[in-house]
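Shared chain: subunit A. Partners: subunit B in the first complex, subunit C in the second.
Our next item is the complex of A and B:
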């Protein structure tokens, strides 16, 4: 004790007490200031606006929501479309995710690329592809007629077309979310179930399915929330028959300039999303359909309560019934095809799963390519089969100053916004990976929140805030590339943070320590050691940010006013006027460009993971 | 039915993965209640063999008989086997009781019996208090015991274990080795066990099946494998060994006389394969059987060597030298208070008996040269 006291006398308490590491969190400041200005503040401002009329607090906007049944009907349609989209997405995505999760490493990596490709391929391009495919004289109607299944062509441009387009757009999201959970399921568990006497069906429903349920729930939730804010697909593929909430919001802003009311509708959407989120969370109690109610709750996330317990009970019965059916079916199959212990077995179920999975992959990746043949038509219409072969529409796109300007603008906005997003997000990713900060989860959820709020709401809010700032400062955020760059950078922040954090998690921190011990200071270590090692990961993050901006329409729709548009905005405007093969030509060019970007990113990612 | 009733009979079982031969015609028989360990380095085919018995992979050819029934291509759920996985493979969303009840449910046992049986096996593995817990709330050792309980509850013909102690720390592993062995004896269960840990194999097994490059190198009791290895690989894999190349100078029924490097004459126990005069051969003697002879002490085989190193390793002291300046020969003595150990550089006489001098084949006997 004496020595300790002596030392304390000499050095002060500093020797024994670690300094509070407050400056470790400094690199978080830019990204949070940025998000505060471009995300949190605008969203809150819009919501405040919705409870005001002429500067006074009032509920007029909300009263109007219920005055006519237009808005409630639209909300119900939105919910209906989103619900069915989610249902179909989840059911269709599950076998595909299961196939990917159980495939061997090499096969899985190349197949995942085919899921990711449509995920990142321009949204508008995919929608136009369906416009071609589903047309009255489109390939699908032609084939159905050719097969003799149809007399007259089917009309797809209604609910059906909308649903097809939305399922196609959102399924990759469901697949990737489910896959991330399925990948954590120990491959030995189904095997263990088999050795314990379970038939394939029983092993799947009693063991694998309950364990994969959190992924199914999360995937479903993400799809649902995203679907709520959709407007591109219902506008283009709905044939004017589907009016979703987001379309109403756009109408209010673009045609009526009624911000307050747009805010009120947006809030209605947000509240709906939150209520769904809450109910979903409660219901997650049923997530582990364990058979007797004692579930692995932490894996599921959700809790008990009445709804939860009821869900667990129903889930238990469901599992028992389906297990029983599988067993009876299995017995039946064994009667028809008895088990031969002296001959190799062919597992039928895996073949069926592969056929289903590959069908889903084709559904996901093939449609986009239909824009290519159509774009080479010599005719004046988007038609099937294309008339002759020529590059007349490409010439049109290349010769048009608007298209050229839009292309250049999209590219430069993409590059600059991606660089900006990188500059503010990478330091944050470093801090969040390496330091055990207090409230790390809160920081993370704040950084990821632009992903969860419906994008249409963000766009309207941003538009209003820009207008507000312009009124006082005359920066000209609206109609300028600056406004677009800022908005797109904000949207890219979550993607960059997640990608870079994933890369850093695999980075051996001791390499930095080794560099320091060898005499390099922090800056030189970063430059000579850290960056070269994570270069490929950083480039991938950059590309993701770039593609996010390059494909973005919602913000561009409001913010890029006037003549200067981006590619997606130009395509959108064109599509609303007249759908011409020129769109297909532009789509083909974008498709080729974005696809090569994705393959480049994937190539770099693989190179990084190898080294 | 002329053969005796074996619990497990494996005949000429083969499996290849592309150009790699994982299993090149294995033959194994197991009696009821026997504890047989498949031992070998990674890639030796031991896991392939186990998985083929479990029905988790389909062999290219050969036969697997379980309890007198042909099961070569039978699905795992029809085989009446139990399996303990390396990471236990307990179902994380089910409680311990539900995990143990699972195989009974699959066999449509009534709920009352299930309850009784679950309680019974939890008592057997001495964990009656954890029934309602989830697997991740248990320690590694406890999970291990529950995995075992889940197997013994439905009394399968044979229990397969795939390196079940691999994830445990050394001390717990030692304890579990004895526990599993006692349980197996007490319940009379037949166990096919896989490990790459030679000590574990020696401690637990009735018989060891030593595997190498997809083939069975030697199959016998731990004693046989340790004291009478038939090949260089077997001698080298189990325990420490001095392997010395020598030339046969005379062979009769009771002993083989060899000319060792440095000119010493060494007498070895009769080989279990044919040897000819003048043949190049390897003999093996365990370091613990090589004694440092005091003045006046005699041994069957004696050589004078200069010590290169003397190392105290704890309970034993090792003395290293080279026979004829090339073949490594070491001696291991118990470290005792008051014993004077020679120093490095000293010349000493090493001595060992004929019995401990074992002739080993460079290739496994019977294998093509």
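Our next item is the complex of A and C:
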């Protein structure tokens, strides 16, 4: 009692009050200053080239965009590919995330390792793994033919291959975002609904599903925006027929040195993405993410305004209908196979969920399980089945000081840039979720834009800014890892902001108030109450930030000028003539290393919490 | 008790975090050390070049000028025009010299330093492989690669490659106008000396004929060699070095040198680099026949100095694009033409690809 009284004496009886806007927005300053220096200022400078020709103001580049239909068509293809990728990712990831969220702690932790597998295989290795797996002579076609299901091999290198490659690469993002939100949902709520008479379908669709929507919205958004920038995977796995706009921009930057026109295409992409983001916000309720209108939030979320309310209304009806259909279906099953007290009830939906979930896990880990045996081949290519058995490729990686240095640098840059991104983005996410700031959609758009502007343009812009800073301050950002850390942290900001906002959406603010009422100050409340409760979201955000850096090639190539080698750069260099099993060996080592680190962390955590 | 243990757990984590950062930071921030009086940094394509140039070019140079100058090769982007431009614009010479394709060199007027190498081995390099700012180093050739186990009647020309009826087999082409336009024209019967200036209309009409028979359009060189190795396709045009990588693995693959399309990569100096004098010594050294023969032992690209063949084993000489017999059948890329028409070609090619 004395402690509590003392605390009271120190802090006084604090009562939470909505602060005025200018004060509430303060935590946004670090992230916006950071982005202004590393992103807005450099990139805008580069983009001004797009309204110039030979130093004079002109709209030539923008006219050219519409002179042929190439750019519009490519933009539409990019949107289509990204949209389908998002749709498939969200639909497939949901049951998997739900399965993980409802599994016991131990099972969940080991299953998550499988979900994360695509993260630890470099995009290059992943793409080439699919190139072999889906090939005319690849294992999938061979098995199907062996089973007598097929006469001629299936042709995968079209839209199908592109979808497989992209969904595989991006699904972990969707799963982890959804899972972190689902972990904040009180498992007693659907039970409470059941005691009030809701059948499984109603309880799920009207209680659980709406609560998990912020994760769905955030996951979908991250997948969509990330997909817009993909080009190597869709080009290779699409048989060359899928023309993503990022590739057209790269051609302009590198082959033609026409940075003005590249800027014009990039701006077209950015504006399109922002319009889509705005509609998404209005219609589907990005507000499920940022939390506006929590008082009158209907089942489907939905922001203010006519469109938002309309969307929410339709969404509410939709959810009710699905719930109703599920329940009628359940009743039908019960007629056929009545529930008996002597037989424990296994609901069908759970079985379906587990089947879907396990299938997805197999899909996510397939390339990794291809890469491991292939890394022990004696041959010089990725091939199935591998030729012979040997450790030749491991010797190569182990013996090379460049590989070792690249590995150490990639891990350190990844960790430091992720911590930096967290430090500046988490406060921003708190402010954006908790306060009704004016122009929040604009803040959100600005925070998301580093993901939409193609990396090659960011890399070029950063180089000029770094060079300028180096001249005056003699820091040496170019060619050093510090420059890489800053650049990678900037790229990670959108992931951290969106993920943390999603977990905060369901966060019960009254818990903080309760802590304050018991005398805890803000820092203690944050550390002992808020952070532990949103731990899953913070971990996911850190992971995304780390992987963003860990798999990043363009900025690493450009800003380092080849001096500071990272793993993706080392792999890219090595793959000039062919993708050798050396890359598979490196990927396997990374996989083993990361997995054991996660196990170790888990072990230490368990040990600490037991003592 | 519980609170106490929670605190200690956190302090462990904090300690671990700080420790990790402390360990990580030095490796991240320590700058590279220079051993010689002058260090010059040159860009090469990395990967297989790292070993070939490391053994055949950098090491002998560093031995010759021990203590005075050290050359370090670093790998840049594959076509690093934008990087060179950015470095020269900002006078940030991360690289002093770069190995560029002739096409990249032509895209950078005003960004490269005159070589002024008269009186060195530069004079021995064939005229078509050099300019005042470009000293040709190696020649790479787009040839037809095919699976000998599947293609019973190998194509002997681009006309054969286009003839899907008499030369059956699954095909792939490069998803890019360079090389592909020239191939389409030669397939349509244009002789090698008439290919430039390219008639784009004729080229696209010729491409129309084969479009439906192209199973896959390849984008990355590594993808092309991979597809030949796993027999995803039976024939495709690709650079000889990459097809050689497949043949070296013992795969049943061969290449046809007739009508090969030859491109050249060479050394250039970034305009304004303070170390230009040493870079000149380096480029002169790189042009010497013995030096070129040195890296040909590791890499099957053609030396630009004809005298290099005096130091190359006869069976090795047959694998490189500047072997006299192949050179006679070759079409040398006309970079002056592409310099003017690149924009138009890329736009038209992309529009053609998108056209159903």
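The definition used in the following text is that the second predicted complex is superposed on the first by the 314 of 611 C-alpha atoms of A that agree within 3 Å, B and C clash if a C-alpha of one lies under 4 Å from a C-alpha of the other, contacts with A are read in each partner's own complex, and residues count from 1 in each chain.
Here is the rule we use: contacts are C-beta pairs under 8 Å (C-beta built on N, C-alpha and C of every residue); 3 or more make two chains touch, one makes a residue touch a chain.
Predicted model, so just to flag it, every value in this text is computed and none were measured.
S.K.: Tell me which partner A:427 touches in the superposition: subunit B (first), subunit C (second), both or neither.
M.R.: neither
S.K.: Looking at subunit A, which partner touches more of its residues: subunit C or subunit B?
M.R.: Between subunit B and subunit C, the winner on subunit A residue contacts is C.
S.K.: For A:74, using the defined touch cut-off, is the partner it touches subunit B, subunit C, both, or neither? Pick first, second, both or neither.
M.R.: It touches subunit C, and subunit B stays clear.
S.K.: Once the shared chain is lined up, is A:191 touching subunit B (first), subunit C (second), both, or neither of them?
M.R.: A:191 sits against subunit B, while subunit C stays out of touch.
S.K.: Touching A:202, do we find subunit B (first), subunit C (second), both, or neither?
M.R.: Touch status of A:202: first partner only.
S.K.: Have a look at where A:27 lands relative to subunit B and subunit C in the superposition and call it first, second, both or neither.
M.R.: Touch partners of A:27: none, neither subunit B nor subunit C.
S.K.: Give one of first, second, both or neither to describe whether A:463 is in contact with subunit B, with subunit C, with both, or with none.
M.R.: A:463: touches subunit C, not subunit B.
S.K.: For subunit A, which residues belong to both interfaces, subunit B and subunit C?
M.R.: Looking at subunit A, the two contact sets are disjoint.
S.K.: Could you pull out which subunit B residues touch subunit A in their complex?
M.R.: Within the complex, subunit B contacts subunit A at residues 54-56, 58, 63, 69-79, 81-83, 85, 87, 89, 91-95, 98, 102-103, 106-107, 132, 134, 150-151, 154, 160.
S.K.: Which stretch or stretches of subunit A touch subunit C in the complex?
M.R.: Touch residues, subunit A against subunit C: 68-70, 73-74, 77, 128, 131-132, 135-138, 155, 157, 232, 235-236, 239-241, 243, 248, 251, 253-259, 379-383, 405, 408-409, 411-413, 415-416, 419, 456, 460, 463-464, 467-468, 470-471, 476, 478-482, 485, 557-558, 561-563, 569, 572-579, 604-605, 608-609, 611.
S.K.: Provide the residue numbers of subunit A that touch subunit B in the complex, in ascending order.
M.R.: Touch residues, subunit A against subunit B: 186, 188-189, 191-199, 202, 206-207, 210-211, 288, 290-292, 294-296, 299, 339-345.
S.K.: Touching subunit A in the complex: which residues of subunit C?
M.R.: Residues in contact with subunit A: 5, 8-9, 12, 20-21, 24-25, 27-29, 31-32, 41, 43, 45-50, 74-79, 81-83, 85-87, 89-92, 94-95, 107-108, 170, 175, 215-223, 225-227, 229-232, 241-242, 245-246, 248-249, 342-343, 346-347, 350-351, 353-354.
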